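What follows is a set of structures to go through.
Two complexes are shown next, each including chain A; its partner changes from chain B in the first to chain C in the second.
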Partner chain A sequence: MASQRRRKGESLFIRYLILGTWALFCLAPVLWFLSIGLRPRTEIITPQPIYWPTFSLDAWHMIWSDWPMAKYLRNSVLAIIGSVVIDLVLAIPAAFSLARYEYRGRDDIGFYILSTRMMAPAIVAIPIFFLFRNMGLLDTVWALMLVYAAINLSIVTWIIRSYMIDIPKELEDAARTDGASDLRILWEIIIPAILPGIITAAVIAAIFAINEFLFTLLIASTPNAYTMSVALANFTGGSDGLIYNAIALVAFLAFVPVFLVVVAIQKHLSRGLTMGAVKG
Partner chain B sequence: MSDPALTETGAATAPAPTGIRRRRSKRMKTLFPYLLVAPAVIYLLGITLYPGIYAVVQSFYAVKFGPWRPVGFENYANLMGDYQFWGALWNTFVIGSISLTIQCVLALTLAFYAYRDPWVQGWRIIFLIPMLFMPSAVAFIYKLAFLDARVFSDILIRLGLIDGNLSIQSSIWGSRALLILADVWQWTPFLFIIFVAALQGQDEEVEEAARLDGAKWGQIFWNISLPLMRPVIAVALILRGIDITTMFANVFIITKGGPAFGTETISYFIYRTGFKFFNFGYASAASVIMLILTIIIAQLVVKRAFRSGRA
Partner chain C sequence: MARIELSGIQKKWGAIWGVRDVNIDIADEELIVFLGPSGCGKTTTMRMIAGLEDPSEGEIRMDGEVMNDVDARDRDVAMVFQGYALYPNMTIYENIRFPLRMRDVPKVDQDRLVREAAAMVELGDLLDRKPGALSGGQRQRAALARAVVRKPQVFLMDEPLSNLDAKLRQAMRIQIKHLQRQLKITTVYVTHDQIEAMTLADRIVIMEGGLIQQIGTPDEIYSDPANTFVAGFIGAPPMNLIEGRMEDGIFTAPSIRVEGLIRNLSGPVTLGIRPEDCHVAGAEAHVEGTVFGVEPTGDMTYLTINAGDALIEVKADRDYRSDLDVPETVAFDPARIAFFDTTSGQRIR
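And now, the complex of A and B:
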């Protein structure tokens, strides 16, 4: 593990000053925003900002009574879980193919899958909008599910592929001489061996799906298919403007589960975020 | 899907299978990896190739409310003379490159101080918190703090740095700086965690050997660690670069592209042309130009980075 000795040419004071400053920079806006969620509306936009507000759960009651919050939550959860399932079903065989076989065009196929990650959502937004309108899927959770799955498929495939490459070939050969078929090898040996990688890929896909904004904004034109991410932008009280304490609370409502799963997969995070390019 | 390996072992052990069957199973064996990857590829083609073709076709029509009217290259010709389109490209480039540079320098500096520190190891999650919020939520944090509630101005006034409230909203560079700040705050952690992981993955003995030779730590980092992690930096910057150049939620929520179109990114330009002014043909033409730029960049930069990055 790390050497705890003081390294030559570096002062501990400067190190902790810099890291501490950065930690403060990361945390201060978050804590302040939390305080926004827990104060009454009258204390948010004032001539002089209020730093020590009165505690209030107004926003908490409001998000459940004034908006169909349960529905937004349900939409988010359904679209996210559905999209991750689609991704895994498509990506696991694809990654298996890319990682364990030699064939013509393999690298090009792999790069094509990767390259879809580079497509700006705005480029395909208009055609996708018309596609779903013609299919009658506009304003439904199904459309969101399909779009989220497409956005994340490249990431999920490449992450899983990177974990599959690391499995020693001997493991597979042994099973093959025992007469196991390729699909059985995938199911009984490879998938259990890379389960952490699959979970990492699923978590990262889920986070990106929660975050998705542009497509959701276009596809969910009424609250019928709003997810948390887009619902935020619609917490307005007409002439009263944005209702920031509700926005803040919903932001934290989405943050808590993300935080918990990221803590759980922390070790794999950097590998997942780089689509397997960094073996952290 | 039938199972090629089973068919093959069956063919090998069965007494005298016909030649046709053996040939078929052999063909099956070569086809098998393609069959595995096909569903994913077809799905992705549906969501990239189909929209791509659709956008190309639509870009040659005037599509407003009524039926499509063919206009040839008119949309493209108009785009070339549209200062808002060029402005959007310029804004995307300016905001993106400044933001990416700041994030990279910050993340490298922080990673440099953090990567062998046992205390930071345990508390690393604190540094990741900003990127765990939804981007739309982060946009609201910054909109409220800088524009609506003026907390930032208030703090500066209390510190005696300025006299009156800042007018960020009416200043182009002020608004750009705000978008950059929100992006830096949320996504520097992304680069940070990747850089830390890459540095920790490096051989500690190399560092130790250089240290015994009398090299200062800063020198070791600059001359040994940093060159070793160049492929990782490339991959991380590309992924971040893609997301920055497609920035939308922040623009949509914080600035709406203003003032005077000074913060309108290319994504927002397409959104506004298509879904605010319903000028779909024109927006598609802009999409096609962006698609071509994306493909060029992907071929030139990304392919190489990921090839070397995975070694």
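And now, the complex of A and C:
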């Protein structure tokens, strides 16, 4: 008994050791960024190794006072949340239709929706540029919102559909005999039952949107529509030369919220990713 | 309160038959039970009555009115599902109230009706729980309460007790029958459990392969089966079916000889006799075989006799004991013998 328990404890220890090493390996660059971001600029660019770093909030003050970081952040948040809302409003009814009704061409439509994700985005970059220019939406948050929504619509639909398929049909039948219309069934039965799936899809869409670079760069030509991802790329400090500590700090700050959300819902996330991708 | 007529009902998905031909006239306030093995079309028939499935052919009428094109939510039908289908995100209270809300019952009445229905199934103190926090029996009662709360024209119950253990099943059976009598609501009850069917039903509809094999009261079904399927399906153990020949009023099969039967029958026939209509005999025996098995149950003893080609089940006296493979003789109660056509399986009357 006792030796068995010890062996079990050992294997658990080894497991933690392996996973801990891996986590450290993955997180090291992130922590490195944090360390750079919280040190004075002079200390970062010195060629001598430093063993006792000096703590400094220079970079922190700099990013808020010298650059419109608040605006970039606002643009990011607005574009991302707006795009996720658009996606959910469109994807939930679409997924319901794909999951529940039988009609000619349903599977083709499902595949078509998914196929928009298979194309290389650069192919449509130029048409989209002209489209937004003609609509007068270039360099606005609205354009970013629409582009993000379009990019993620297929995956959001597909994830939500996979959750809907898992709901027992009996539940809907019960609601129908209880006198509920299709819309009430969707609103009162299905959506509450798949809320974890909807949240998962929303988070995945948000992460893709945060990381979106190509279209954002194309559409946002001034700080008016810059998001964190593009601002970071443009964020070199101008006449001050490269301000590594500020760059590192912004990069770290952009990473933290996503990291926290992913940790919070990681159980659902892996299911959402695999089901959305694999399950037909 | 409604009378339900199904005439010429068929259901087909592509090449798959769900229901081949169903004709039933269900009387107002009747409790009718669909009984049959898994896959025989019971659920499909019930779903067509509910309006959850459209029949491929045939007509469904309620109180004379054709219902085929009436949507499920506009038929005044309440269904209890095999898996209960309680709404997982709502409390039991909200679950029971749901049909009232959907039918725009005035708010002032809703609360009273929910509490009445919950009291009827003794669920009053669990109203604030979510379905996940209830036991199987409690969920079952919650599903019942949700069905009775709006006093529908018709109750449909699809194997509502199949997920419960035996003891609970019996208790719930009594409760369902009591409730149905009290509310006087036409009820269609689906099961594959013959005890449930026998104890609950005003009439039983026996189904097999999408076809109705027999409709009748439990007594009729038991003592007067229409064919070998019904005879072999009902009863535990079911009716003995012995293939043999008839000549001059004498039935013969290996080790079996029954004299003095009706003379107008000849050629191959199947003799049917229930185990309780067989008894261990001295003289005047019809079967001369050997003891194959002896199973005392306390109130009786199941005796299995090896008679040539056939194994014959006998419900023997509770004191009956015997070694195996010793000779034994059995007599049939001649008044209880039924004959079936060996090829078609149909009863010969």
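Rule of thumb we're sticking to: the second predicted complex is superposed on the first by the 240 of 280 C-alpha atoms of A that agree within 3 Å, B and C clash if a C-alpha of one lies under 4 Å from a C-alpha of the other, contacts with A are read in each partner's own complex, and residues count from 1 in each chain.
Throughout what follows, a residue touches a chain if its C-beta (ideal position, glycine included) is under 8 Å from a C-beta of that chain, and two chains touch if they have at least 3 such contacts.
Just so you know, these numbers come straight off a predicted model, no measurement behind them.
Peer 1: So in the superposed three-chain picture, is A:Ala233 touching just chain B, just chain C, both, or none of them (first/second/both/neither)?
Peer 2: first
Peer 1: Contacts for A:Ala264 in the overlay, against chain B (first) and chain C (second): which applies, first, second, both or neither?
Peer 2: It touches nothing on chain B or chain C.
Peer 1: When the two structures are overlaid on chain A, which partner does A:Ala193 contact: first (chain B), second (chain C), both, or neither?
Peer 2: second
Peer 1: Quick check for you: in the superposed arrangement, does A:Phe33 touch first (chain B), second (chain C), both or neither?
Peer 2: It touches chain B, and chain C stays clear.
Peer 1: Report for A:Ala122: first if it touches chain B alone, second if chain C alone, otherwise both or neither.
Peer 2: Touch partner of A:Ala122: chain B, not chain C.
Peer 1: Taking the superposition on A as described, I'd like to know which of chain B and chain C A:Pro93 touches: first, second, both or neither.
Peer 2: A:Pro93: touches chain B, not chain C.
Peer 1: Which partner chains sit in contact with A:Gly179 here, chain B, chain C, both or neither? Use first/second/both/neither.
Peer 2: A:Gly179 sits against chain B and chain C alike.
Peer 1: Which one hits more chain A residues, chain B or chain C?
Peer 2: Comparing chain B with chain C, the partner touching more chain A residues is B.
Peer 1: With the two structures laid over each other on chain A, which partner does A:Pro168 touch: chain B (first), chain C (second), both, or neither?
Peer 2: It touches chain C, and chain B stays clear.
Peer 1: Quick check on my understanding: which residues of chain A belong to both its chain B contact set and its chain C contact set?
Peer 2: Touching chain B in the first complex and chain C in the second, residues 176, 179-181 of chain A appear in both lists.
Peer 1: Within the complex, which stretch of chain B touches chain A?
Peer 2: 1, 3-6, 9, 30, 32-34, 36-37, 39-41, 43-44, 46-48, 50-52, 54-55, 58, 106, 109-110, 113-114, 116-118, 120-121, 123-130, 132-137, 140-142, 144-145, 148-151, 154, 185, 189-190, 193-194, 196-198, 200-201, 204, 211, 216-219, 231-232, 235-236, 239, 242, 245-246, 248-249, 252-253, 266-268, 270-271, 274-275, 280, 283-284, 287, 290-291, 294-295, 297-298, 302-303, 306, 309-310
Peer 1: With touch defined as at the start, can you tell me which chain C residues reach chain A in the complex?
Peer 2: Counting only chain C, the residues touching chain A are 47, 50-52, 72-73, 75, 77-79, 81-83, 85, 87-90, 98-99, 102-103, 146, 156.
Peer 1: Using the touch rule from the top, collect the residues of chain A that touch chain C in their complex.
Peer 2: 168, 170-171, 173-181, 184, 188-189, 192-193, 195
Peer 1: Show which residues of chain A lie in contact with chain B when the two form their complex.
Peer 2: 1-4, 7-10, 14-15, 18-19, 22-23, 25-27, 29-30, 32-33, 36, 44-46, 48-49, 89-91, 93-94, 96-98, 101, 103, 106, 109, 111-131, 147, 149-150, 153-154, 157, 162, 176, 179-183, 207, 210-211, 213-214, 217-218, 228-230, 232-233, 241-242, 244, 247-248, 250-251, 254-255, 258-259, 262-263, 266, 269-271, 273-280
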